[in-house]
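Once you've had a glance at the structure underneath, I'll fire off some questions.
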Amino acid sequence: MHLLNRYKWPALIGIAPALIIYLLFAIVPIILSFYYSVMDWDGFTEMKFVGLANFKEALHDPVFWGALKNNLLVVAASVFGQVPLALFFALLINRKLKFGKVFRTLGFMPVVISTVIISLVWGMMYNSRRGLFNQLLEGIGLGDWAQNWLGDPKWAMFSVCVTIIWQFIGLYLIIFLAALQNIPEEIYEAAKIDGASGLKRTLYITLPMMRNTIMVAVILCISGSLRTFDLIYVMTTGGPGHTTEVLAMYMFDQTFSSTRYGYGSTLSLFIFFFSLALVYLSTLILRKRGD
Amino acid sequence: MAHVMVGKQKNIELQKESGKGRRFSKKALIYLLLVVYGLVNAYPMIWMFLNSFKSNIDFAKNPFGFPVQWMFDNYKTAWETAKLGTYFFNSVIVSVAAVAVTIFAGAIASYFLARFAFKWGKMVYAFFVFGMLIPIHATLVPMFLLMKSLGLLNTHIGLVLPYIAFNLPITIFILVSFMKSFPRDIEESAIMDGCGVFRIFFSIILPMTRPALATVIILNFINNWNEFSFALVLINDDSLKTLPLGLANFAGQFTTNYGAQMAGLTMAVIPVIIIYLLLEDHLVKGMTAGAVKG
Amino acid sequence: MSKRLRARALLVVSALMLVLMSACSSNGEKASGNGSGDKVELTFWNIWTDPSPQNKASLKAVKKFEKEHPNIVIKQQNIPHDQFKVKVKTQAAGQQLPDLVQVWPGAELTPLVNGKLIQPLNGILSHWDGLIKKNQLSDYNVDGKQYALPANVTPTSLVYYNKKMLAKAGYKNFPKTYEDFKTLVKKLKKQDVIPITLGNKAQWVLQSSYMSMIGDRMTGSNFLPDVLEGKKKFTDPQFVKAVGVIKELADMKAFNDDFNSIDNIQHRDLFVMGDAAMMIDGAWSLGPVLEAMEDDSSMGIALFPSIDGGKGNPEAVSAVTGTGIALNSKLKGEKLKAAQEFLKSFYSKEYYTDLMKADILVPADIDPPKGVSQALKQVSKLTGDHIAPVYDATLPVDVTDAINSGLQEVTLGQMTPEQLAKKLQAAVDKEK
C-alpha cells in the first residue's frame, strides 16, 4: 500500500462515477428528507419550520419506543439466528458433497421468492385453527403447545422473527460460501498433516479466516433489520395492536397515511442513527474478540 | 423434526459397527439435515406453483393440497391483469441497465477503496456504507421532487439512476470486504512489471473477486427486479411501468384473485432463477479459477 | 484471460449505453399536452385495476365517453387502492396531480381541498338535479362547496347470515335485540360453528363495520361531528359502552379465534364455505358472496340489532359514498370544459344502472333495472331510512389509526374500553 499514493488520479477516476451517482441520487434525497425533519409539512400546504418539535414528539411517543424495541428484537434474531445458521449450513455444503449445488440453490430460494408468498404461506402455517404448526404439535401429542401464533401479542413478534430468520439465511449462505472459497486449500492440507480433526480445523482455521465476512454479514443484518418493512407489513400490518410494529413501518404510516412528512423524516433519521450506533458497536465487539 | 430424530437413532445403531460405519453415518446425518433444510426452503416455491392453478374457492378450501381442478387459465388472466407483455420487458431493461452500471462502477470504486491507502479512502468508504442505513421510503417524496426538477420523471433513466445509487452501498460494502481479504502482495509484482492500475484491476483483481461479484449481481438483480416504491412514484406512463407495479394489480380494494396472483408471481420469479443459475457456478470458483494462485 | 475480460467489459459497457439510449429515446416528453392539433388530452387516475363488475362498469363509462367525444382523450392510470394513496400524496407534494383524480370522502379529501389542489364543481352541479339524491352529496361537500360526485353508496355494516345455520339454532328470523343476538351466538357456539366470522388483520374492519354501526346505535349519528367540534367527548359513557359491546363479543368468543391474524378476504371465505353462521361486513362483500356461495338463497341480510339504552336510531346503517372524481385546480379553458363534459357523461343514468346490475347500491333516484338481485333490493330497502357516518370517513387519520389499533387491543384484553376512549379523546385534542 505504501507505494500507491502516486495513483491518486486513477483512483479519482475510478471512484468518481460511483460517487457522483451516489451523491446525486441517494445523498441529495436523503439530505432533503433530513431537512424535512425540522418541518411540519403535510405535503399539501406550506411547510412550517418547527425546530426540534418532531424529535421531542418521537421521544414521547410510546408507539415509537415499542417499534424500536421490536426492531431490536429483529436485529437480535437476525444476528444470532441468521448468521450462525447460515454459517453452519455453509460449512456443511462446503464439504464437497454430492448435490452440494442443489442444496445451495434450495437454500437461496427464500431470498428469491416474493414477500407476498412468504407471508401467505407462513401466515397459513401459523394459523391457529388449521395451521400446519398447530396440527403438527397436536399430531405429536403436544396439543397444549398450540398457539395463536400471529394473533397472540405474546407470540406474534416471536413468530415474525422466525420467518425473518428463515427468509434471509440463504443470502448469508452464499456470502459465506463465496468467502470459504477464498481460504486456500493448502492451509487445510497442512492442518490435516498435523492431524487436526475436522471440528478443530473449522474452529481454529476456518472461523478466524472468516471473521471479516462474518462482520460483513452482521452489519448487513443490522442495516437490513432496522429497515425491515415488507414482510411484517404483509404478514401482520403491525398488529395485533402495535405488537409487531417496526420503525420503518411506523415511518411509512406516518408519512403516507397521516401525511406527516416532517415526523416521518424524523423517524427515518432515528433509524439511521440507531443503525449507525449498532454497526459501530458490533465492529467494536467483533474486533476485540479477534485481537 | 421427526426425520431428524429417526436419523439420530439410525446414527447410533450404525455407530456401533465400525469406524467406516461412523463416517458413513455422519455423512448420512449431514445429508439428512440438508435434505430437511432444502425441503423447508423449497416448500413455498412449490406451494406457490401449485396454488397458481387453483380457483379462489379451491384456494380458500384447501390451501395446502393439490388443485381440485387445474385452472391453466390463471396464467392467461395473470398475463393480462399484470400487463406482463409490456411490464416484463421494461423490468428487464431497467434491471439489467441498473445492475450493469452498479457492478461496473461499484467494482472499480471498491478496487481503489480496498487496495489503495488514501487519506480520504476510509471516509469515502464509510460515506458509501451510510447509504445502507437509510430506509428507502423516507426518500420517496424528495426523490420525486428531485426527478421532477431534473425532468427525469416518467423515464426509464429516472428509475435506473436511483436504483444504481441505492444499490451501490451494499455492492461496494461486499466487494471491498472481499477484495481486502486478498494477500497484500499480489499487485506489487505486477506493478513492478509496469502494469497500469486499471490493468491490474481487470486482469488480477476482477477474476479473483468473481464469487463476490456473482453474489452482488444476483442481489442487485433481485433488488431491482422487485423494486416497487420508486417505480410507483416515478413512472406514470403505462408503456414504461415495471413488473412489480403490474403484480400489485391482483389485489383489489376488497377482493384478491389469489390464483392469478400466484400465476403472475410464478412467471415473475423465473428470470431471477435464471440469473441465479447462470451465475451459480461463479459463486464458488474464485481462487482456483483466478489468474493468481498461491 | 485479461483480454477476454476486457473485451467482455467493453461489451457490457456498450450494451449498457445502448439500453440507456433506448430508454432515453423511448420516452419523448409526452407532457399531458394541451393537445397537439384539436385533441384535448386529460389524465385520469383511479383504482380500477382488478376486473370486478364495478370496475368494469366504470371503465365502460369512460370508453363510452371517449367514443362520443373523439376530440378528447382520457389517459387513464389504474393503480391498486393502497398504492394509489401513496402515489397521489407524493404527486400532490410535487404539485403534479393529474387532471382528474379519484377521491374519497373525509380525511382523504380535506387535505386536497386545503392545499387548493382541486376545484369545486358547483357551476355544473345543476346538471344532476333529479338524478342524484341531494342528501347523498354531503360526503364530498367541504364548506358548502361540492368537489366530487358519488357513484355508489356503500353501507359498511351489514349482517350477512346463513339462514340454514340460524334455523338449526332455532332462529327463523334474525334477532331484533342485542340480548337475543347474544343468545343466538351462544347457541351457535354449542353447535360447534363459528358464530361470527371476522378477519381484522388490517385493523379497519372492527372500526368500519363494527364501531361505526355499534357506536351509532349507542351514541346517535350526531356524536362524531359533535366530538370534532368539541361539544362532546369520546369519554362519553355511551361511546364507552359501545366499545364494551365489541369487547363483550370478543370475550364470549363470538369470533373465530384467529380473528386478529386473518384478513377480510379470508373471513369472507369462512362465511361462504359455511364454516361461520354470520359475517358483519360492508356491502362490498355482497357481489363476491353471491358469486361464490353455492346456494345463495340461504343467505340473509340484516342490520345490527338494537341495543338497550342506545340513543341511536335502530334502523340506521353506517354508510359512505364513493368513487368521486375531482378536478385539478389548475384546469382552465378548454381542458376544464372537457373535464366537466367528462363528469357529466360519466355520472349518467346508464352508469348507475350498470352499477346496480353489479350489485352496487347507488345514490341515484332511478328505478331498479331488470335483473337486479333480490339481495341488492333488500340492502337498498334496509339502508333507505337513515344513514349514519362511518368513523374513518369522518375522523382525521390519526384518530382513525388510534381506533384501529385500539379496538384490536381491546379485543385482546390489553386495553379497557375506558382507556381506549381516553386515548381517542387525546388524539382528537391533539388535532387542534
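First chain written, first letter: the chains are A, B and C, and each begins at residue 1.
By definition in this document, a contact is a pair of C-beta atoms (placed from the backbone, for glycine too) under 8 Å apart; a residue touches a chain by one contact, two chains touch by 3 or more.
Every value quoted in this text rests on a predicted model; they were computed, and no experiment measured them.
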Topology of the chain contact graph, where touching chains are joined (line, ring, star, complete, other): complete
B-C or A-C - the one linked by more C-beta pairs in contact: B-C
Averaged-CA centre spacing for the pair chain B and chain A, given as whole angstrom: 15
Inter-centroid spacing, chain C versus chain B (mean Cα positions, whole Å): 37
Shared interface positions of chain B, touching two or more other chains: 101, 140-141, 145
Contacts with 2+ other chains: residues of chain A: 43, 256, 261
Of all residues in chain C, the ones touching two or more other chains: 86, 90, 93
Footprint of chain A on chain B - complex, ascending: 2, 30-31, 33-34, 37-45, 47-48, 63-64, 101, 105-106, 108-109, 111-113, 115-118, 124, 128-143, 145-146, 161-162, 164-166, 168-170, 172-174, 177-178, 180-182, 184, 188, 191, 196-198, 201, 211-212, 214-215, 218-219, 222, 226, 247, 261-262, 265, 268-269, 272-273, 276-277, 280, 283-288, 294
Parts of chain C lying in touch with chain B, wherever the complex brings them together: 1-2, 5-6, 9, 12-13, 15-16, 19-20, 22-24, 26-27, 29-30, 43, 47, 49-52, 55, 77-83, 86-87, 90-91, 93-94, 96, 264-266, 269, 272-273, 282, 284-285, 288, 292
Residues on chain C engaged by chain A in the complex (per definition of touch): 85-86, 89-90, 92-93, 111-112, 114-115, 117, 200-203, 256-262, 397-398, 401, 405-406, 408-409, 412, 414-415
In the complex with chain C, residue positions of chain B that touch it: 56-57, 60-61, 81, 93-94, 96-97, 100-101, 104, 140-141, 144-145, 148, 151, 153-157, 160, 199, 202-203, 206-207, 228-229, 232-233, 236-240, 245, 248-257, 291
Residues of chain A defined as touching chain B within the complex: 1-5, 7-8, 10-11, 14-15, 17-19, 21-22, 24-30, 32-33, 36, 43, 89, 92-93, 95, 97, 99, 101-114, 116-118, 121, 124, 132, 140, 166, 170-171, 174-175, 177-179, 181-182, 184, 186, 212-213, 215-216, 219-220, 223, 226-227, 229, 247-248, 251-252, 255-256, 261, 264-265, 267-268, 271-272, 275-276, 279
